[in-house]
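Read from first to last, the chains carry the letters A, B, C, D, E and F; within each, the first residue is number 1.
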Amino acid sequence: MTIGPSLDLVRMIVRRALSEDIGHGDVTTQAVVPTATRCAGVILARMPGVAAGIEVARIAFDEADASVTFNAGTQDGGGLAAGDVIARLAGPAASILTAERTALNFLQRMSGIATLTRRYVDAVAGLEVRILDTRKTAPGLRVLDKWAVTLGGGSNHRFGLYDGILIKDNHLRIAGGVAAAVRAARSAAPHSLKIQVEVETLGQVQQALDAGADALLLDNMGLADLRYAVEAVGGRALIEASGGVTLATVREIAETGVNYISVGALTHSPPALDIALEISQ
Amino acid sequence: MTIGPSLDLVRMIVRRALSEDIGHGDVTTQAVVPTATRCAGVILARMPGVAAGIEVARIAFDEADASVTFNAGTQDGGGLAAGDVIARLAGPAASILTAERTALNFLQRMSGIATLTRRYVDAVAGLEVRILDTRKTAPGLRVLDKWAVTLGGGSNHRFGLYDGILIKDNHLRIAGGVAAAVRAARSAAPHSLKIQVEVETLGQVQQALDAGADALLLDNMGLADLRYAVEAVGGRALIEASGGVTLATVREIAETGVNYISVGALTHSPPALDIALEISQ
Amino acid sequence: MTIGPSLDLVRMIVRRALSEDIGHGDVTTQAVVPTATRCAGVILARMPGVAAGIEVARIAFDEADASVTFNAGTQDGGGLAAGDVIARLAGPAASILTAERTALNFLQRMSGIATLTRRYVDAVAGLEVRILDTRKTAPGLRVLDKWAVTLGGGSNHRFGLYDGILIKDNHLRIAGGVAAAVRAARSAAPHSLKIQVEVETLGQVQQALDAGADALLLDNMGLADLRYAVEAVGGRALIEASGGVTLATVREIAETGVNYISVGALTHSPPALDIALEISQ
Amino acid sequence: MTIGPSLDLVRMIVRRALSEDIGHGDVTTQAVVPTATRCAGVILARMPGVAAGIEVARIAFDEADASVTFNAGTQDGGGLAAGDVIARLAGPAASILTAERTALNFLQRMSGIATLTRRYVDAVAGLEVRILDTRKTAPGLRVLDKWAVTLGGGSNHRFGLYDGILIKDNHLRIAGGVAAAVRAARSAAPHSLKIQVEVETLGQVQQALDAGADALLLDNMGLADLRYAVEAVGGRALIEASGGVTLATVREIAETGVNYISVGALTHSPPALDIALEISQ
Amino acid sequence: MTIGPSLDLVRMIVRRALSEDIGHGDVTTQAVVPTATRCAGVILARMPGVAAGIEVARIAFDEADASVTFNAGTQDGGGLAAGDVIARLAGPAASILTAERTALNFLQRMSGIATLTRRYVDAVAGLEVRILDTRKTAPGLRVLDKWAVTLGGGSNHRFGLYDGILIKDNHLRIAGGVAAAVRAARSAAPHSLKIQVEVETLGQVQQALDAGADALLLDNMGLADLRYAVEAVGGRALIEASGGVTLATVREIAETGVNYISVGALTHSPPALDIALEISQ
Amino acid sequence: MTIGPSLDLVRMIVRRALSEDIGHGDVTTQAVVPTATRCAGVILARMPGVAAGIEVARIAFDEADASVTFNAGTQDGGGLAAGDVIARLAGPAASILTAERTALNFLQRMSGIATLTRRYVDAVAGLEVRILDTRKTAPGLRVLDKWAVTLGGGSNHRFGLYDGILIKDNHLRIAGGVAAAVRAARSAAPHSLKIQVEVETLGQVQQALDAGADALLLDNMGLADLRYAVEAVGGRALIEASGGVTLATVREIAETGVNYISVGALTHSPPALDIALEISQ
């Protein structure tokens, strides 16, 4: 089933976003929209893509005014054609107008991420590999960025520094090598966490396996080296490839047999999906 | 001089981002990096662009550990070539490694925005027009997104619904027309705020001027119409053009004589600038 | 229509006030009022004035206990005679008693501000001038203080340092004169904000107009000088008079033809309106 | 020695006030004051009174910019003549200008309260009575309002519903009479709290004493009745008088021999003391 | 009637506890429990004791998901046999499983405290003495720890440093003796608070009485001395005994005639009551 | 090296604890301790045990007043004899007295946990097993409770629902058996997390292994069954035993060859270590 973040957390993020946009008040709406006026509206996709953030948009309108009704026209993760209705709204006009931009900003970013992810996932269709996100997310929006990745068909890597052990090159320069670092992690960290280590050479691969690493990160490695590493590991550890992965290269990387390919661009450079709200009185 | 946001606000955003990433603790670093180890590091640009977020990154390391020294190699708004040093760091290795990703996430997004903005600004070089941002920002990061725009040479539109009056098409559908809406705004809103209204026809332009609008928003209007509107207004109100502006079209739009061109893509779809931290012990 | 602040913001202020008063618990009520006891009560004006804060009081009881019913006897901005019913309450006695003081404190302050404002507004009846508030508000209560001013018939000046440009004497001492300051503001600030500058001499008035100021602040200027300035400006900028305005002097100041008169006392020294809650079992 | 509130609490109140005023940034100062400019300034009393809030103003500038120096010209509780220097400031001009209004708002309110309190205290000079505040404070500012009362020579009543038991008329209507209410309070509340009850008749005075009340509140009682009650109590409980106390009546009330006189106006209607900041470059 | 803390405060504590446990999401439940699945469950006591925290557990499930129904099988303060049903739950399985541990942690701690308190209260049955708690509570949980004490039949001492005056040995070393300290407290503190002082000798008892102390704290005093002090005080002040009180010694201490016996162990070392949730589909 | 939680998190917990205790102010200390008075003090163990919380106590005094000096007499995790100096303090007497109880409450709880943990660790000395904590911690104090466990020589289980997958009996009743649940978890959860499942029978052990579980939880299983399970698993998964473990039984459980033994009592029922602060002027 779908993994989504704690809704309390989402609600807090939405509240902050509304507060950031509304401040002491929406002076335009307060001035030109009579309090009693009601309206209807539709949220429309203006380009094709994958819907994400519908539940977040629902919360945005609900936080602005619990009397606004929000009926989703599709569901998170569903495909969108240009012109598709994402949701229908009805309620006090002032509330809908005040929450509009915040709701759309969430929808546009999350749908943008889901859409980009879907393209990577489609590019490796039929292969036994998963497309992963990274921690290169918009600060403060990690749970939403990662939720959008799963809605696009990708899988989540760890959410932060607290729920996964990933010993990277910068750690290795300080920790005294792969073997020492892996052993230190096994000794100190909760047994609920797997231990992953970034390796650059076949020697390091062997050291990591010997020290008991559960997973390897092969960063910026060529295809031949990736194939070689997959064979050397022989299933004794999970293998993740990363570094400069593009839609043009992702399939050939996947074909080396790695288990995971992580793509920073999914969350650090997703083009927004164009989505608009049209009000009808 | 440069407009930057309240540093208190920035500090709060940085704290939240660190907390989002660190949670109950950086289990990898705690396990493999001895507390007493110190290190040095450089933050490097890996592609050319415009630096932005250096002061935010400084705060990120400072919040993680006030004993980390952070010496900027350039300044916010400065140009970057691939390989340029953005900052040099020294201090406790654990602190630097723990704050690394958060600091880079801010730098990569803000520099991405500044770099994209600079391209738009350069595209209209020599013309009397300003490139503006919009409210299509990453939720929770508006002050940083808008700061980055100014570092790239752009100008800020209003920061939220509270510090500018912009009567848009959705408002007009409810408020009973341009004239009524502008008059309502003049009557109700603080006199410190200008009144801007979105118009689609020359008739509306005239109504807006008659009602005392201070600025007009011409959304998705063709070049000929823009020219016509500029002439009709004759300096009696500020004119902003918006809607589907690209690097290919921005100069011809500017040449119509509008005062402002707003570009949503600056903040809703900025490609991250590739920036890395390299640790040396 | 009436401008009121974001209700989310009001709710947060009310919550803090309840928390400030209740702390770990209302020991008196917990000790002497059985949990199951219900009661009714009326909130009464004990002196004539203008009602303000009714919606805030409603929130206070709602936050304390959503099962308390609150029926307003008049509406915010309405006139009150001594003995008038402001609201009728019914619900759990403990909840009503615990929230009583907090609700009354809001009502008394806001109604005091609205009442004082109404006196200034009445004093300039028939003239084309607006009575403005200032930023001299009780710290933490600005949106409520300013809401009360509008309920009394006054208009709001900017809400903070972020939603209006007002170059004051202290800025001018540093910025190198009126012309330089106004030009700097025009160059750096969002175009959504008008630029207002404090001027003391006719020469400065001319400099301000030449540099493109949208509004002038004439502080502590005599009536003759005000008249002279109004004529000199000739409608090219808005004019606000301020400084030591009293009920005795406000009309003659208004008759000089200024557009706005700001009165700090509305929010820094408003006498509370006497309002009480009477419980009947 | 002087009782002041927890400084952490004060700091949080000051931060909220700065945030309320500054929002996303002080656009005027950012536009017209170069970052590097430094200045000096003096905070001056413009009318005579009692200084209060100096330590709060110090915190306001410190929170805005820890590099601002703040040298008090007098101390909290000290007398002020018009023109007296309350503090001298030096530091970055932008920081001082940005924090100015917030600091002055605290100073003006607190000094206003202290000044009014001093007048009441002086009016009862030589008598064995204390002037008390009430819970009729500006919401969110109770600790500061009450601090100002002590700086004016008054004494604090309970800070909230949590640190004192005061059974008022509204409680009595529900609790079944004075005796039952006092006994319930004695049974349920922490022994660290005295039990005070509002009484209106001599019969109630006797009931309260019999039930073990520690203090009585005589609200809106005439002078003769007050004298009679004082005699009847004979020192077995503390006596507080309240209700419509003015500077004209406070001394005759005090002369009845009551121990405390509480004055709501000290904090619900204090006229601000006029205080200004003058910048010199 | 029973004294409980402000429910707003309880709700905030519960929210923090849920957030501490859930973080970005309950990955197990999200992975293995379909969103639509509903379930029922019972919360059972696994050992005999006193129920406490039922209302807190109710809030925990309500905060997790307002659609979960929670029917208490007994009430706070009621006795429990092993196997007794504390509450029956029904609702979305994911919500119940996610909130389970947080709810149980509150129940186990609070019931543990209530159970231990009941044992002390039972040990002094028939005597005119009250068992008190102290400020030795789990940081952040004071209102719950103290609520549990009352549910076990004990009484609350002050809740913090703000709602009671207790001059302890460490204060006396600095304040210059019992008489000076008591007089200072009488002069400076709100009259709503009683003044209690720790004394070690009969001379100090006399000084405290002479200075007007309302209550005495006799810490670690032998039985003979306690009896002597009780007689010397003769009802002129309340007497609390403390220090190393155990179930074996509490009755003989009570028989000396002291009014209160405070027991730190109630809240610093309460064994948790074993309580479990059993799900049935 | 030692794993400790994010110090930012600790600081926030300490601030809340101070605020809980101090509220609007420490009325006793404010009344009886002159502001200028300085003092020294020692924190002493009154019973033998293991020190924990020293760094937390340091933060408590630092948050109360950064000018207080705190010199630890031992270090976290060190052994204590009765009378040992844990820390020496010097600074403003008022600050030290105000923070005293909060600092001691942390020290007493954490040292109590560390001391109890050490007893379990010592009981299995020489065996290849680790003593684990659980999520049965005091709400809001999990990071400190778990830190204390590591200081006593134990190891941490997952910190919350977010950083480990543990499929328990209640999940299994809903998820349709061990195999289905483990497969669902493998499919949906981040690969950084190991998958642990509670099993009761050898059949379930086999299902769990077949489905790819990384670890098993054997709850309340007899010694013979534990031995049998250890042999059946043959190192293919980690094994944790739990349920009713006591100091009397922990060694025989360890001797069955399980990898981990989790003990809820470490954090749900730790007796506080007796620790005191003695002030000398």
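As a convention for this text, a contact is a pair of C-beta atoms (placed from the backbone, for glycine too) under 8 Å apart; a residue touches a chain by one contact, two chains touch by 3 or more.
This is a predicted model, so every value here is computed, not measured.
Subunit B and subunit F carry the same sequence, and matching their CA atoms takes a turn of 120 degrees, rounded to a multiple of 5. Repeating the A-C interface, with the same residue numbers in over half of the contact pairs, is the pair A-E out of A-E, B-C or D-E.
Looking at A-B and C-E side by side, the one with more C-beta contacts is A-B.
Chain centres computed from CA atoms place E at the largest separation from subunit B. One simple way to say how far apart two chains are is to compare their mean CA positions; for subunit B and subunit E this gives 52 Å. Taking each chain's centre as the mean of its C-alpha atoms, subunit C lies 22 Å from subunit D. Distance between subunit D and subunit F, defined via averaged C-alpha coordinates, is recorded as 45 Å. Within subunit C, the positions touching two or more other chains are listed as 1, 3, 22-27, 30-31, 33, 142, 159-160, 162-166, 184, 188-190, 193.
Those residues of subunit D whose C-beta lies close enough to touch subunit B in the complex are 15, 18-19, 22-27, 30-31, 33-35, 63.
Only residues 1, 3, 132, 155-159, 162-166, 184, 188-194, 196, 214-215, 238, 240, 259-260 of subunit A touch subunit F when the two sit together in their complex.
Remark: subunit A residues 13-14, 16-17, 20-33, 37, 39, 41, 93, 97-98, 100-102, 104-106, 108-109, 112, 135-142, 159-168, 170-171, 173-175, 180-181, 184-185, 187-190, 193, 264-265, 268-272, 277-281 touch subunit B in the complex.
Chain contact summary for the complex, subunit B toward subunit D: residues 1-6, 8-9, 142-143, 159-160, 162-163.
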